[in-house]
Amino acid sequence: MATVKIWTDEDVVTNPRVSAVFDDIRATRGTDFVNNVWRALANQPDVLEATWAQVKAVMAQPGALDPLVREMLYMAVSIANGCEYCVHSHTASARAKGMTEAMYSDLLAVVGLASQTNALVTALQVPVDSEFEV
Amino acid sequence: MATVKIWTDEDVVTNPRVSAVFDDIRATRGTDFVNNVWRALANQPDVLEATWAQVKAVMAQPGALDPLVREMLYMAVSIANGCEYCVHSHTASARAKGMTEAMYSDLLAVVGLASQTNALVTALQVPVDSEFEV
Amino acid sequence: MATVKIWTDEDVVTNPRVSAVFDDIRATRGTDFVNNVWRALANQPDVLEATWAQVKAVMAQPGALDPLVREMLYMAVSIANGCEYCVHSHTASARAKGMTEAMYSDLLAVVGLASQTNALVTALQVPVDSEFEV
Amino acid sequence: MATVKIWTDEDVVTNPRVSAVFDDIRATRGTDFVNNVWRALANQPDVLEATWAQVKAVMAQPGALDPLVREMLYMAVSIANGCEYCVHSHTASARAKGMTEAMYSDLLAVVGLASQTNALVTALQVPVDSEFEV
Amino acid sequence: MATVKIWTDEDVVTNPRVSAVFDDIRATRGTDFVNNVWRALANQPDVLEATWAQVKAVMAQPGALDPLVREMLYMAVSIANGCEYCVHSHTASARAKGMTEAMYSDLLAVVGLASQTNALVTALQVPVDSEFEV
Amino acid sequence: MATVKIWTDEDVVTNPRVSAVFDDIRATRGTDFVNNVWRALANQPDVLEATWAQVKAVMAQPGALDPLVREMLYMAVSIANGCEYCVHSHTASARAKGMTEAMYSDLLAVVGLASQTNALVTALQVPVDSEFEV
């Protein structure tokens, strides 16, 4: 259960600021489906607007990394942070953007390995090599 | 400072198991430079061998994701985990494998955004949408 | 589901040490409701007593910060640590102590921003300014 | 050491976008001192602009929570995330905004307690009380 | 709900690589019960084989630490990482290997204390004593 | 560098509450050496007294787990939390209490493996088996 109300479409239309964001999410993504994170953020229109603006800028615009790579980086961070909802939503997005089972398998292997070596390096407190200096 | 001794090349040659791993690291990577994490792990040959075998299997073999994407996923996890050495070593590796400034900028934007939305989602305890079910 | 038994009021009365803590929780808070964390800790009376003593000392006594600010700091840590139960219980407590929707909105904005900049700073390994030295 | 170049004032004046942000930081804060996080972000003007815009919106504008409380929430998140630079910079900011030793003592007690109970609750997997439902 | 299919025994027999791992899990542990983590990993046979090989090497072979201590270390890491499934499975394993209520109580006290002092030390940015140098 | 003053022995004798704690630390541990965490906490006598009381109760008294196992659990949590000072101080303590190189090797292997499987389980969002219910 959430710590806040999850807004239905009926709730959304009662608030012009929230409605405007939901309209833009639907137009940008080309689908009527709006997932729960936006329905939860609707309680705080300032945070909703700022968050959607940033997601749109970072995830929905052309850039140096292709959209699938950006989505997989999002997944990797969400897994490392242990965020259940985020893992679900970004795994679904990555699949929708073309992540194959073989790519997913590679991602799992890298994320698992990185988590393991991060722990070993922290345990040993390995000093940074001077070769890595900028 | 490390919690263990950092092995010099002189130390390495005194131990056949450690020597064998260092030789394979050098051969696999095509460089004489062996970074400190391996010199720290040398104190525990079992862990050294197992870790190098896994790094080699996951990072140095062909797969569904190209080596630069795998390196950037490694960076993302290391940043999320707050591992100083890992951030340094994998940022250096990603640059060596072709990460441009524009790609780095995109990666920073995604990792920052993911960290922010992960926190918001956790604060709101957003329920997983049934649409994300497998 | 919990990894331990959740004690009902019937269980509590069978154990004098647990009963004494539950009586003090009810008296201190002025309510009969005792939430599940105490019912789970009841399995380990040593840990229950020590934890309640510390919560009472830190949260229920007058101090330099007002109770609502302390509760919001508790929320911030719980969000950053990704603790589902803690987020729920301390969001409820903060509301009970007077957190308005506008204050909650500010808290979400700060926690989200801090999570994002923490990640960026870690990615860039920014050196501490000498101006921040004590 | 950083993973990127730390821009000096001489570097900053060579780039109009970076210069504009630095000018605004100085004007907003009323001081010539610009701390290292901005000098590190200067390598990525997109990320620099977006991050400063967000920090300014969240931290430098009037809101429901007073600036010192916002700064202490920032500290709490930074401590929980283990971000060395962030702990230093936001502890310094909180002191500059009026955090007394007694308030700092309270903050440390709450952050320490929250970290402890977060761990206990996670160990016991305490189910959320229905009383906490929205 | 999982982000992947949870394999039933009927699914397992259709895939020789998965079947071989499941047979070895059952033989090594001396029980027919195979818990969900393996049924989830079955979708990625490479990751399944590598993970089981490592678990078997680290947890099921004789070593310097007895099996119960290794299991409790696993619990401690899982609690600190906030991994719900891992806390459940390794608490159950530790009990099966002989963890008494008194030992569990000690473990909870240490894990709680460590989480608290970790936070305090991070808040204060305590410098490492030269006496701790290797 | 610390965010607070590190108290020298000359500072300590000027404050009776701090002096009393330092005397007890020295008497309990049977050594004149007092490490930096206590010298940093000295700025906040309330937090100093409460923290030392808890450390003494949890770490220095007989219990169901032997002192070395408790110290290794402390190490495991500190590694998972990425606390540099804590990793150093508790690795040193564990060695002082008899941790051999072979035991350290086992600890590293378990902590590394747990970190890896925690990440995989989080990625896959594995549902808790009903067999693990209490």
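By written order: A, B, C, D, E and F. Residues from 1 in each chain.
Keep in mind that, in the parts below, contacts are C-beta pairs under 8 Å (C-beta built on N, C-alpha and C of every residue); 3 or more make two chains touch, one makes a residue touch a chain.
Being a predicted model, the structure only gives us computed values, none of them experimental.
Most remote from subunit C, judged by the distance between CA-atom centroids, is B. For the pair subunit A and subunit F, the distance between C-alpha centroids works out to 34 Å.
Inter-chain spacing, taken between the CA centroids of subunit C and subunit E, is 27 Å. A separation of 21 Å divides the Cα centre of subunit C from that of subunit D. Those residues of subunit D in touch with two or more other chains are numbered 1-4, 47, 50-51, 54, 57, 77, 79-84, 87-88, 91-92, 105, 107-109, 111-120, 122-125, 128, 132. Contact topology of the protein chains: fully connected, every pair of chains touching.
Interface of subunit C with subunit D (complex): residues 1-4, 6, 33, 35-37, 40-41, 47, 51, 54-55, 57-59, 63-65, 69-70, 72-74, 76-81, 83-86, 88-92, 100, 102-103, 105-107, 109-111, 113-118, 120-129, 131-132.
Residue ranges on subunit D touching subunit B, taken from their complex, read 1, 3, 43-44, 46-47, 50-51, 77, 81-83.
The part of subunit B that touches subunit E in the complex is made up of residues 1-5, 50, 54, 57, 128, 132-134.
For subunit E in complex with subunit D, the residues that touch the partner chain are 75, 79-80, 82, 84, 87-88, 91, 107-108, 111-120, 122-125.
Residue ranges on subunit F touching subunit B, taken from their complex, read 82, 87-88, 91-92, 101, 104-105, 108-109, 112, 119.
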